[in-house]
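We just call them A, B, C and D in the order they show up, numbering each chain from 1.
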Amino acid sequence: MTYTSKEMMAVAAARLIQNDDIVFCGTGISMLAAMAAKHISAPHATIFFETGAIGSQLEEVPLAVGDPRVMYRTAMNGSLLDSFACMQNRHTGKHVIGILGAAQIDRFGNLNSTVIGDYDHPKVRFSGSGGAADVASFVPRSIIFMQQEKRKFVKKVDYLTSPGWLGGGRDREAAGLCQGGPWLVITNMAIMGFDDTSKEMYLKACFPGVTPDDVLANMGFAIDIERADVTPEPTLRELSILREQCDPQRLILG
Amino acid sequence: MTYTSKEMMAVAAARLIQNDDIVFCGTGISMLAAMAAKHISAPHATIFFETGAIGSQLEEVPLAVGDPRVMYRTAMNGSLLDSFACMQNRHTGKHVIGILGAAQIDRFGNLNSTVIGDYDHPKVRFSGSGGAADVASFVPRSIIFMQQEKRKFVKKVDYLTSPGWLGGGRDREAAGLCQGGPWLVITNMAIMGFDDTSKEMYLKACFPGVTPDDVLANMGFAIDIERADVTPEPTLRELSILREQCDPQRLILG
Amino acid sequence: MTKDDGNKAMHLSRAIQDLVEDGSHISIGGFTINRNPMAAVYELIRQKKRNLHLYAHSNGQGVDELVGAGVISKLEIAYGGSGRFAPTCIRFKKAVQEGSMAVEDYSNFQMTLRFLAGALGVPFLPTRSGMGSDILARWGFSKEVRSSDPKLPDKKAVVMDNPFGDWAETSKVVLVPAIRPDVTIIHAQKAATDGTVRIKGLTFADVEQAKAAEHVIVTCEELVEPDDLRDNADLNNLPPFCVDAVCHVPLGAYPTACYGYYDYDPKYLKAYAGFAREEDSFLGYLEKFVFGIDSHERFLALIDPEQLKNIEADPRTGYAPNLDRT
Amino acid sequence: MTKDDGNKAMHLSRAIQDLVEDGSHISIGGFTINRNPMAAVYELIRQKKRNLHLYAHSNGQGVDELVGAGVISKLEIAYGGSGRFAPTCIRFKKAVQEGSMAVEDYSNFQMTLRFLAGALGVPFLPTRSGMGSDILARWGFSKEVRSSDPKLPDKKAVVMDNPFGDWAETSKVVLVPAIRPDVTIIHAQKAATDGTVRIKGLTFADVEQAKAAEHVIVTCEELVEPDDLRDNADLNNLPPFCVDAVCHVPLGAYPTACYGYYDYDPKYLKAYAGFAREEDSFLGYLEKFVFGIDSHERFLALIDPEQLKNIEADPRTGYAPNLDRT
């Protein structure tokens, strides 16, 4: 079967979503993952956007979280305040899975989406946090989509936009953040988890055809590869849902 | 012309309301005053209730601020949060006139609507603040409706529910409250103001047929009566609006 | 709690049985004589719940009946009144004067902010309301009571200097602690089986009260399919995941009003005020209208059908014009 | 400002002229590629406003055009992106990299709370967001800049121990300061001449942004009589007294979307991204699309009518299904 790494990434994330989950979606591939999950295994999962759209039915893939497509037949049209409050609130927040992306990540899942270089005189400026720092602060489980590149997996992020496990161990708790934090990193090559105790990143699974060494060769720091297994290929059904029902125009799949 | 003291009170308050005012109404006579003002001199004044009803059109007089009659053809149906925020907000709050009532008042316009006697073992329990303490805290001008009785005009309130000028002078500012505060007290006999500097209550005007000594005889403390004039009687037009358009069932006028 | 298909519709008696325990901290929606979840109030009384901790702002009729029936041991409230029918709620007044129930007083805005703090998931919110008042100076629940109950914050409120200097022309603020009820019960005009809620007219603080709670019970005039409320989501007030139980109870706010459906019943409220005045007559009232029957349907059967007709809302105004309210 | 009869309808150019001065602190509504008040953005550029201090959360297209045109000297923002058309807003990116504009970074929720604080009339609000991040550690505006500007709070944010112990399982909170714009500009589907505003679909943070401001300008697709919006006040978002000027500007959010009326224009946004890449082509773009004409109507006359037809919203979905968005 042929499929792209983007398709594998979307399917790998979709498989993780359950019926009781409230899925916070950012722009891009995370929307496809949530759309696919609703069709594959979690029809009752709630897709929601920081813009305030709760329970979006998504007939077409939105190109931004502010796309009017997120408003189609929602259960509620709220506001930014409503959507972030739903994550900060511990009753509803505990059901939320956040899906994030970033320009840089370190071994504790701290994310940078603000600048490369010095903050006061940046070499490259990115969009900034948006809701990412909020999601990372509130949500018990977050999935991070990354491209597997040395310059993106760095020893120290240039700017810590979204708190991950900070310095590891119980650092989040000490900082005053909620329990829980980065759950998985999904790249174009593999899936990484975080150790229960040290909170350090480790290799959880390679995509078919990728070796642990391939992954290490594309990171700026070393991680434990002893626990790695292999991610099952996308099934025909998964691919057809993704291609035919979620993104027939291939706006995000490319 | 014959009229009741309740009618005089409602008319006296209605005359104070201008087109730019946002009038916060409590239960009872304050609603009549606002309704009458809209018909007499201030058609563009906004009537609003702590329940969240903004710009109520009031075809029938409500018997409580939670009465569904307050929802008729409003400009907006908000929430408690919206209505109190509108008063605490300094842009909108500066236009608000609050109309309050109480069981006890002191010479600085501090109000008690909570208990008579000791708070821990009250002789009489009343409804409590409701929104009164909030209105008294936020609003630059408030009108207080009272019955002119010795046991209601007291040297010291048994419980300070709604802050007036506190101990007088610049006490409000020192406590952290907004500038402005009690503006006028309207009773069944007279209208009292508060001195610009000392913030002490003084007699501003007697109702027709009432003497300053009558007023003093029905208060538990002495006030300056040197500045008093006489309130003009309700006009025929004022009375007919009040009786025919505002409260034809005499639910509040009695 | 929810069935696999996401259907949360259930009988009110079961919802109350499953979600409210003796000692629970609860809050009820509505305002004075409007949209009180009265069917649920009567069910709480009927099931003889005890030692409930009740949070309200200006809920009148519901609070008074719960207090009168001995369901409530602690009450946090801003206002206990039912408009012209009972300027101070009668059983509430008696309970406080007799010292049979502990009361903590706040203002309406403070209570609203406390629910909002719970909804937002923060421990407190700031306001400029109440400085210099006895609401801040006097505590209804002592330090000891507070520190012995893990469900209560250890302070009634905190006055703090503005940490941003005089930003927003504010030298000091009052911080009021979040309310985190175990259960909030509200009555809405429409709800869907998945838990979506649509309130018509003023929402009071129902939305904040619901979001602050761990569990939410919604009674509704009309129970509809989820798809029916997706036609205009701008009108919806709570998303499905905030709600645990949806109970179809027509006239579920009676004898208080439900905008667009029916007015409050002045006759009932006046009669209630009469019953509430004395212990014996109040117990007789409860016997007849609550304990003697087993559902809101049977309760409504005790009311003169002519009067139920009189209070029907007309579509233009949302209430019953020219209703005899004397 | 308002006429005696309460009529606030006026031409957009006059509203901008009267209410926005050089150096004003402003905020604009909308989100990334949706309901940005673009007609007002172009008018601000056309009137050559300078040294504006701009507050935004995730406003994309509006922010980028204002920044590119040199209108903004200081920006407080959570996100500068326009979805797939410009993952990072292009002129914004250049201005920050070149240091031609000072930027203070917050998160979306922090910005929302800051607007809400302004709306509520309190100096700050608490959150649990951002602890341990550089958003709190690094300030874009120095202490000196802050203390020299009376319109700015003296701190970016304050981390504080929870004064209620560990109430709400919270040991610390972040306090973020209120935003108090001189003027907020939003675009709505409907507004009445008295200032009542009705937004269809998501409101983003428009309501909080408007309430936080001293003055509010609303552009709208449809200008109606006040009575027309009183049919269902549950759908209204701002009461008249919050609004200073109501300006009838059909397609006033174009090239961004306006739910129920039109979609964003992918062609325009893609072309814009091309123009924005270089200084010269961007100046040429401004010359043609902003300075070369005198109104939004004329601006729309420059757009292919076929494409305006393509982006018309269909009634069922509120957007333009099957629009070519490649």
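Heads up, the rule we're going with is that contacts are C-beta pairs under 8 Å (C-beta built on N, C-alpha and C of every residue); 3 or more make two chains touch, one makes a residue touch a chain.
The structure presented is a predicted model; accordingly, all values stated were derived computationally and were not measured.
Comparing chain pairs B-D and B-C by the number of C-beta pairs in contact, the larger count belongs to B-C.
Put simply, the C-alpha centre of subunit B and that of subunit D have 40 angstrom between them. Centres computed as Cα averages put subunit C at a distance of 37 Å from subunit D. Put simply, the C-alpha centre of subunit A and that of subunit D have 27 angstrom between them. Listed for subunit D are residues 118, 120-122, 127-128, 168, 170, 173, 201, 234, each touching two or more other chains.
Within subunit A, contacts with two or more other chains are made by residues 71, 77-78, 88, 90, 138.
Contacts between chains form some other arrangement here, matching none of path, ring, star or all-to-all. Chains touching one another form the pairs A-C, A-D, B-C, B-D, C-D.
Against subunit C, in their complex, subunit D makes its touches with residues 117-118, 120-128, 153-155, 158, 160, 162-165, 167-168, 170, 173, 175, 177-178, 180, 200-201, 234-235. Per the touch definition, subunit C reaches subunit B in the complex via residues 30-34, 57-58, 60, 77-85, 87-89, 92-93, 96-97, 99, 105-110, 112-113, 116, 127-135, 137-138, 140, 159, 168-173, 201-205, 207-208, 257, 259, 263-264, 266, 313, 317-319, 321-322, 325-326.
Residues 19, 22, 44, 46, 54-55, 57, 71, 73-78, 85-86, 88-93, 95, 138 of subunit B touch subunit D in their complex.
On subunit B, the positions that touch subunit C within their shared complex are 27-28, 50-53, 59-60, 62-72, 77-81, 84, 88, 90, 114, 119, 121-134, 137-138, 159-163, 166, 171-172, 175-178, 249, 251-252.
Those residues of subunit C lying in contact with subunit A across their complex are 4-6, 118-122, 194, 196, 211, 213-214, 226, 229-230, 233-234, 236-242.
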